[in-house]
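Chain IDs A, B and C follow the sequence of writing; residue 1 opens each chain.
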Amino acid sequence: MANDLGFWTLQALNALQLSMLLFLLSIGLTVIFGLMHFVNLAHGSLYALGAYVAASLAAVGGFWMGFFLAPVAVAGVGILLYSGLIRRMRKSGPMAQVLVTFGLIFAMLDLTRIFWGDLALAIEVPALLDGRLSFLGVEYPTYRLFIIALGLAIIAALAFVLGRTQIGAMIRAGVDNDAMAACLGINVERLFFVVFCVGCALAGLAGAVAAPLLSVTPDMGLQILIPTLIVIVIGGLGSLKGAVAGSLIFGFVQTFGAVLAPQLASVLIYALLAAVLVIKPVGLFPAKG
Amino acid sequence: MLETRNLDKSFGAVHVTRNVLLKLERGERRVILGPNGAGKTTLFNLLVGELTPNSGSVHLAGEDVTALPVAKRARRGLSRSYQKNTLFDGLTVEENLGLAAAVHTGHATRLWSDSLAKPEVREIVAEVAEQVRLMPFLHAKVSEISYGVRRQLEVGVALATRPLVLLMDEPTSGVGPEMAKGFHDLLNGLPRDLTLLIIEHDMDLAFDVADTITVLNYGEVVFDGLPEEARGSKLLKDIYLGSWEDA
Amino acid sequence: MFRHTPLRYGVLVLLAAAALFQAFTAEYFGLEILTEILILAMLVLALDMVAGFGGMVSLCHGALMGVGAYAYAMLTTKAGIAPPVAMAGSVAITGAAAWVIGAVCARSHGIYFIMATLAFGQMAYSWVFEAPVFGGDDGLGGIARLDLTMIGLDLTDSRSFALFCLFALGAAYGATVLILRSGLGRSLSGIMHNEQRMRALGLTVWRVKADVFGLSGMIAGLAGALAAQHIMFVSPGLLGWTVSGEALVVVILGGLGTLVGPLVGAAAFVVLKHELSAVTPYWHLVVGVILIAVVMSRANGIFGWVEARWGARIDRRVADATRKQQPGEVVSDA
């Protein structure tokens, strides 16, 4: 089995699929941090919310309705959070932010339980993406290939927006030095708001696409939070490159670790994170020097 | 006592110090002059180890310390004050001095005794407070003393490690001319065997204190000699006095 | 720098009196809650030492407590070591683990420090969860309590055990105050106020941070050893990151950097949790909202708020009163 090329292709695809899911979550978190120096631990709760909204909408209007509307709904919640809490917490230190968003995790956890109950919800893979496709010599679930393609498309889109457009240039300027960007006439507040909303929408999207793979439970946000944080800390806060690299490292180490050294698998990724922090305390590709 | 050999540092394509040679004898008081951006503070950061040079070396009391980290150089007798106050803001003047003195006496890492209550530490604190005229403010918090007194404390904290060489980055930065004069009297009153390297902006005041003068321009040493020679130097007038008179 | 103000002494005496009163009068359920408070108080004391006085906001203290609990459980059940030795051993093991974590994380600051400690905590959690020797998800049971019958205390009795925990907490508090007032503790607050300057003065900053983190870990380990004896059972959940998060919440709700505040916070948190969970299954929501409100109000927790409001006045009154008795003497604790 170990020498079977197909087996390794399958594992690589699994790793890639996990990486792309983590990327959708971590890119929002990392750019929000890079731009606003804001640590949003409740990002995982937004992901859970996306999954719940998608599950509810899917029950009414099918998968695609959830897929398209869940990000919008989560972005809406993001707007509420931004104007109610986050705008006021921007100048506070990281600890205050960690605590407020920790409080948000508690609150949102129970709010989802109040609205949707404690039982796990399930959501069907849409007919279009059901079944398996032959890919690189292996039979692989179409839906997982769809997640990989979606992740790659979003990486490409973000790379284009950040690298080639005016708003991208403004975001990069803001990450680099927000005071300077404000002096150059960029409306930094508005920029923060837009970036925060897009980050929330992507978290909602991640929840919506993850819903058919995992069961939708109140604590799914807590479970995804730690991997997401590891991704952005390994990658370095604030950069697209860091989020991509961190996601791939996490996905591959986790997946291949589980195959090659099941005893060590769970410890491996944390050991890697510790190693990165010792050698490069600000991660591999931080947005700033 | 303190010597640099061909010290070079660049950030990307920008050369901030070029080939800097400095040699201070024990007890020498040297003032570094130069316009803004001449690389004076960068030179200090290279000397104390907050920056690593691209090439060249730093020697303290005859030993090459280029590879040593900041803390180790400090323990060998190299101390510095900062251009912008770098104090322990929530603490009292006495505690500020005490923390520094405790590092020098080795009490700073002891678990079984209170460093600030140690007689050796208290002795240094009292002595330094006398030297930098902080006696009336010992129990005041940093936030409660005026900016000028904070500048005194800035030097006091550096002195409380009982250094061999003291680097002072614009000790009179931001204080009025009256007070700056008082500051220079204070510097003149320091023990004669202490080697001083001072960045100063105000030329006349610099002449009060200096045994020797070094002028930096664009990261290079363009003058090295006695104050009297500096006063008459045409070169110095062009690059430094010109900009000073404009200001 | 840590100072005992009259207000702090007063609250401390009140807390001790309340705990003693509870220990002697309460029934089984009340004693269980008291013991829970005392153990949490010890953990948050350890956390306040590093977070409140060294700026090291750790998200692995829950895991450190778990390490102490598992060390005690393993030493007594698997290695057959006598409970007193096992307690000392678990304190030492946790301290050593914390020292290593502190040394590795010393270069990280702010959010990176929080994340780095979180990573180490999760590493311990995963290891305990996965390795069969630790009993995996099922945990380990049959953990013996310390035998103190020679001094007439039967620790299998809830009341005696609560008193024992109170004594241990008192000792831990005393040790924490001594550490913060030592040369090491003074240097730590120097680092918190200005790390760059401490380094420029010649202090090996990472060593000081690691040493204090190790000492704090020893206290967390003691809390763990007591927790293992309290419920006589350990499970991986003890090491989960939400335990660390809750400990941090308690420190903040109580008042960071006041030592006394977090003790108040621990009592408030446990009581609130029990009262609320009796009324509603959604007590997390209430705690979350309170937490957000406290942090948004910018007060330094419950105790910090009390100190800011009345601390100066009370201290002045006490100072005036003592001055009348001893002319020429100024009350100071510097």
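By our rule, a contact is a pair of C-beta atoms (placed from the backbone, for glycine too) under 8 Å apart; a residue touches a chain by one contact, two chains touch by 3 or more.
Note that the structure is a prediction, hence the values are computed from the model and not measured.
Under the stated contact rule, the graph of chain-to-chain touches is a line, running from one end chain to the other without closing.
Put simply, the chain closest to the centre of the protein, by Cα centroids, is C. In whole angstrom, the spacing between the mean C-alpha positions of chain B and chain C is 42.
One inter-chain figure worth recording: chain A and chain C are separated by 33 Å, centre to centre, where each centre is the mean of the chain's CA atoms. Measuring from the averaged C-alpha position of chain A to that of chain B gives a distance of 49 Å.
For chain B in complex with chain C, the residues that touch the partner chain are 48, 50, 70-72, 74-75, 79-80, 82, 86-92, 94-95, 98-100, 102-104, 107-116, 118, 139, 157, 161.
Chain A makes touch with chain C in their complex at residues 33, 39, 85, 88-89, 92-96, 98-100, 102-111, 113-114, 222, 226, 229-230, 233, 237, 263, 265-267, 270-271, 273-274, 277-278, 281-282. The residues of chain C lying in touch with chain B in their complex are 1, 179, 181-184, 186-187, 189-190, 193-194, 196-205, 207-208, 211, 215, 334. Residues of chain C touching chain A in their complex: 51, 57, 104-105, 107-108, 110-112, 114-116, 118-120, 122-123, 126-127, 129-131, 241-242, 245, 248-249, 252, 281-285, 287-292, 295-296, 298.
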